[in-house]
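Listed next: structures, encoded as structure tokens.
What follows is subunit A paired twice: with subunit B in the first complex and subunit C in the second.
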Partner chain A sequence: MDGDALDVEFLLAAAAHEIGSLRGDRRLTPLLGSRGAALRDHLLDLIGAVEHRMTQAPPATAPHIVRRAFARSLRQSIVMLQGAHAALPWLAATRTPTVNLGSLYITEECARILVGTNVDLVVVPDPEFMYSTTSWPWSAVVNSTSGFTPSNTRRPIVLNYPLSDADRLLLHPIFAHELGHASVDEHQLVSAVETELANDPAFTAALQSKVNDMASNHWPALPPTQISGIIRARLHSWTEELLCDHLAIEAVGPSFMWSFVLFVLPLGYGEPGEAHPPTTVRIKLALDHLTRRGWRPYMARVAPDITSWIDQIAGDAAGVLEPPFDFLRDQLVSHANVLQDVAMQRSGSGALDAHRSEPQADEAADLISRLILPVGLNTPLDPRAILLGGWQHAFQEHGDTPSGLVDALDDRRLQELVGKAIEMSTVASAWKAGA
Partner chain B sequence: MRDLQRLEELSSAAALGLWADDIVLALDRATSDAELTEADVTLLTDGAVMLEAALERTEHPFATPKSAHGLAATSTALDLVATLARRQPGTNEQAILRAMATILRQAATGSLGGDVSEGVRPVMELFGMIGEHQLVASNSVLASRKDLGAWTATPLMSSSS
Partner chain C sequence: MTALGREDLERAIDEPDLDRRLVITPLLERSQIGRGAVDLRLGTEFLLLRRTQLPGLNPGTGTEQDVDEMQERVVVPFGEELWLHPRHFVLAATLEYLRVPDDMSADVVGRSSWGRLGLIVATAVFVHPGFRGCLTLELVNEGDSPIALSPGLRIAQLAVRRLETPAPPRADEADKYLAPVRPQPSRLASERSDFDRLSALGATLRSRLG
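What follows is the complex of A and B.
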């Protein structure tokens, strides 16, 4: 019977088996260096939390409903342990990194700017075509275990990228968006936006009106409480995605826009999702942010036709959307400054500055065109400016056109050059700082 | 959903279920001879706070909880309390939520009355239902396939729509 003595005996043995299976895996042995160490400790904390739960059995005289609750918590723990096996290949990947080293250095710098210094970045290739991220993957379970104190305090961040894109450096500004998710979580940035919205009477009035409209005309079977909850949940998800775009712009400037268009536009145009705004809306808001940060003249100078094309796409953000997506779009567009402000406040002095970076990007592009490693003639260039210079050269070489944007991705020589230059610039800067 | 975030979703679903079942265990300790720990008091108080937040949502539909966790927990509680209300003609969701929150607060402060089993049992049932609901949810996340349309996923409106 569910929760009786035999059931609990079985579940305790099954949980111990899962723990033994994880602990016995060679990939969980201590790692050399610090990369992946926090992820390993976090996994060990999950195991520790489950072991703690296993000791919390109620007395045999407890009512059946109580014993069932304990049995269910063991089952829930076993589900978690099975899910935790996903981390073992990540730990293995830290021993044999495949991503371009220059890209890894830039990503680590973005992590420091957007998330903080106390992070453990694990960059893992995904055999399927996917960029994604997770950080503190088991913290909800670990932290909900009363009486258990986790040992790990350093945030583990796992970044997935498509294996096929390992050396496609021009796409890697997308990593900055992925790191945005860790930043949003660490610094509660969605809450910061939601607080601003809640304090705006125009927003609360519009929400009330939209809930009433949905109840009357679209979702008549649902009570207002549920409709409001659904809209809030979707607004939360859209806000997070947009914040991640804005944080990426703060970190890497127009490089993010170009890589974003390359990766996302082939997948969708104006279609809204429950978790993601339409691409047109994301591009409009990203473009507005780049303009506010002074990047517009640079973009118009190095890629006038692509900038004009992106402008046209942004213009389609105002198209017709089904309710309640129209509400989400309208509110977020009218509160664009709130999203930008939150991202700018987070990035602070770490943001890529247009006026400082533009001459460096020009220098990098010029060096690349002469087949010279674009590290910098006098002082090491900012790695993020080198990346911009790589894009500049790509437009010159492959054309300031939508298809030129795509063709640049096949230019392996350019991307190897840019990656090596970023690597050398990072090493040179570190050496100078230590000298 | 981005693929790696499946793990966070799994963790969130499991954590809510574990928390609900922990409340059942803490309630049992509160009504037996066992000594209540500080962690038990926190659990029981948090349970009351969640039910009060759900009650607030029924009274003010536009004042939804700000955190995603709070939204998920109160939404699940509201769905299940609606089920309980349908099973008990003559009751309503608000009365059930208010009574259960009171019992949890009394349990947390050690001020439950003499024969409390009649009042405590429905609270255990509600949190047990949340635990069951979340076990199904976390199994579903664990078994879900990778979503390749991550960046521009365009899922259909949820079935509730």
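What follows is the complex of A and C.
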């Protein structure tokens, strides 16, 4: 019976078995350096929290409801422990990186800018063809175990990428978007946007009007409070996605736009989702942000035809959307400056500056065309400018056309050269700084 | 041919005309430029031989895929080590990326300090005019004690010569090892036509007397 003595005894044994299995795995041994250390500590916190829960077993005389609650908490713990086995290969990946060191270093730099220095980044392939982020994977147990104090305070971030994209450095700016999710969570950035919107009388009036319209014409079976809740929830999700795009632009500039178009445009165009705005809307807002940040002249210079193609896609953002998606789109477009401000405030001086980066990107592109590793002739180039230089070379080599973008992804030699240059410029900068 | 001393090397490395410059990047310390050679450092990527079901390596019958299958790529970030055990062999690459101008060639040699520990840096030694890329190093531990290899260590030396007559520009498309940035496995299998011809020649010679 659920929660009786036998059940509890069985569950305690099962939990102990899972813990023993995790503790016995050599991949859980201490790591060299800090990479992966917070993830390991978080996992040890999970084990510690479950062990703490196990000591709280109620006596046989306790009311059944108490024993059943305890059994359920143990079952939740065992599910978490079993899931934690998935993290062991992640820890192994911190010993032998699965992406090239150039990608890893530039992603760590983006994490520093967008999330902060108190983070631990683990980049691992995902069997599904998708990029994703997970932070604090076991917080549900660790933070809800009363009387247990976790030792780890550094945010563990696990970035997943499609296995097939390990060598596709030109797609790795998408990591910056994924890190945006950790940034949004760490710094409550969606709340910052929502507060701004709530303070705008035009927004609150438009929301009320849309709720009334939905209640009268589209969702008559739902009460207005529920409609309002649904709209707010979708607005929340769309805001988060758009903020992540804006944060990625802050971190890596136009490289994000080109990667984004390459990866996302084949998957969808103008269709809205509950969690994601239409690609056209995302491209329009990303382009607006790049313009505000002074990147337009650079983009128009290095890839005029691709820029004009992206402009056309952005123009389709104004197309017809079914309600209430039209409301979400209209409000977020009209409050684009709020999204931009929040992203800019977060990146601060870490943002990639167009005027400073352009000459460096040109130098990198010139060196690549001479088949010289574009580390920098006199001083190490900013890794993010090297990435831009790689794109510039890709446009020259594979054409300033949409299909040229795709062809660039097959250019393994270019991506290896750019990745190695990013690795070496990071090494050279650290060396110069006396690390 | 003239061997370059320290001043000549510095001039070649600082040459303003990029097409004529001896590029060694990143050169972490100017002190790597010695009296008659430039110290090269160990890179972060390695190729290790792994056990497979293949019987062995025969460049005459095997394919490049066979070679790739027998080797495992390992990345060792800065601050970590790769232990090379006695009689073990590993392919590594230099940390530095080189571009040798058309009027220069070079030799890569091991450093005696490593040789005295038993580490042999048996590279292909000769670096052609016009070479671009990180050099692949064939490292063997001939000593009796395992040796820790850490990326960034000065592992080899590059002795550079100026040619009296510059070599003609490279036909890049035909080059097997153009601008590599990681250790390159053997591409002997790509010379299959040579092996086929030798095999045919052998068959002819074997049956000359009926």
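Note that the second predicted complex is superposed on the first by the 426 of 435 C-alpha atoms of A that agree within 3 Å, B and C clash if a C-alpha of one lies under 4 Å from a C-alpha of the other, contacts with A are read in each partner's own complex, and residues count from 1 in each chain.
In the analysis below, a residue touches a chain if its C-beta (ideal position, glycine included) is under 8 Å from a C-beta of that chain, and two chains touch if they have at least 3 such contacts.
All values reported here derive from a predicted model rather than from experimental measurement.
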Clash or fit, subunit B versus subunit C on superposed subunit A: fit
Touching partner for A:202 - first (subunit B), second (subunit C), both, neither: neither
Partner chain(s) touched by A:263 [first = subunit B, second = subunit C, both, neither]: first
Which superposed partner A:222 touches (first subunit B, second subunit C, both, neither): first
Partner, of subunit C and subunit B, that touches more residues belonging to subunit A: B
Partner chain(s) touched by A:372 [first = subunit B, second = subunit C, both, neither]: second
Which of subunit B and subunit C A:158 touches, first, second, both or neither: first
Contacts of A:82 with subunit B and subunit C, given as first, second, both or neither: first
Minimal inter-chain CA distance - subunit C and subunit B, angstrom: 25
Complex contacts: residues of subunit A adjacent to subunit B: 53, 56, 58-59, 62-63, 65-66, 68-70, 72-73, 75-77, 79-80, 82-83, 86, 126, 128-134, 136-141, 143-147, 158, 160, 181, 191, 194-195, 198, 204, 207-208, 211, 218-219, 222-230, 232-233, 236, 263-264, 267-268, 271-276, 279
Interfacial residue positions of subunit C with respect to subunit A in the complex: 18-19, 23, 25-26, 28, 44, 74-75, 77-80, 95, 97, 99, 132, 134, 152, 172, 178-179, 181-182
Residues of subunit B defined as touching subunit A within the complex: 1-5, 7-8, 10-12, 14-15, 17-19, 21-22, 24-25, 28, 32, 34, 37, 39-40, 42-43, 57-58, 61-62, 64, 66-69, 71, 74-75, 78, 121, 124-125, 127-128, 131-132, 134-135, 138-139, 141-142, 146, 148-155, 157-158, 160-161
Interfacial residue positions of subunit A with respect to subunit C in the complex: 32-33, 95-97, 100-101, 370-373, 375-377, 380, 413, 416-417, 419-420, 423-425, 427-428, 431
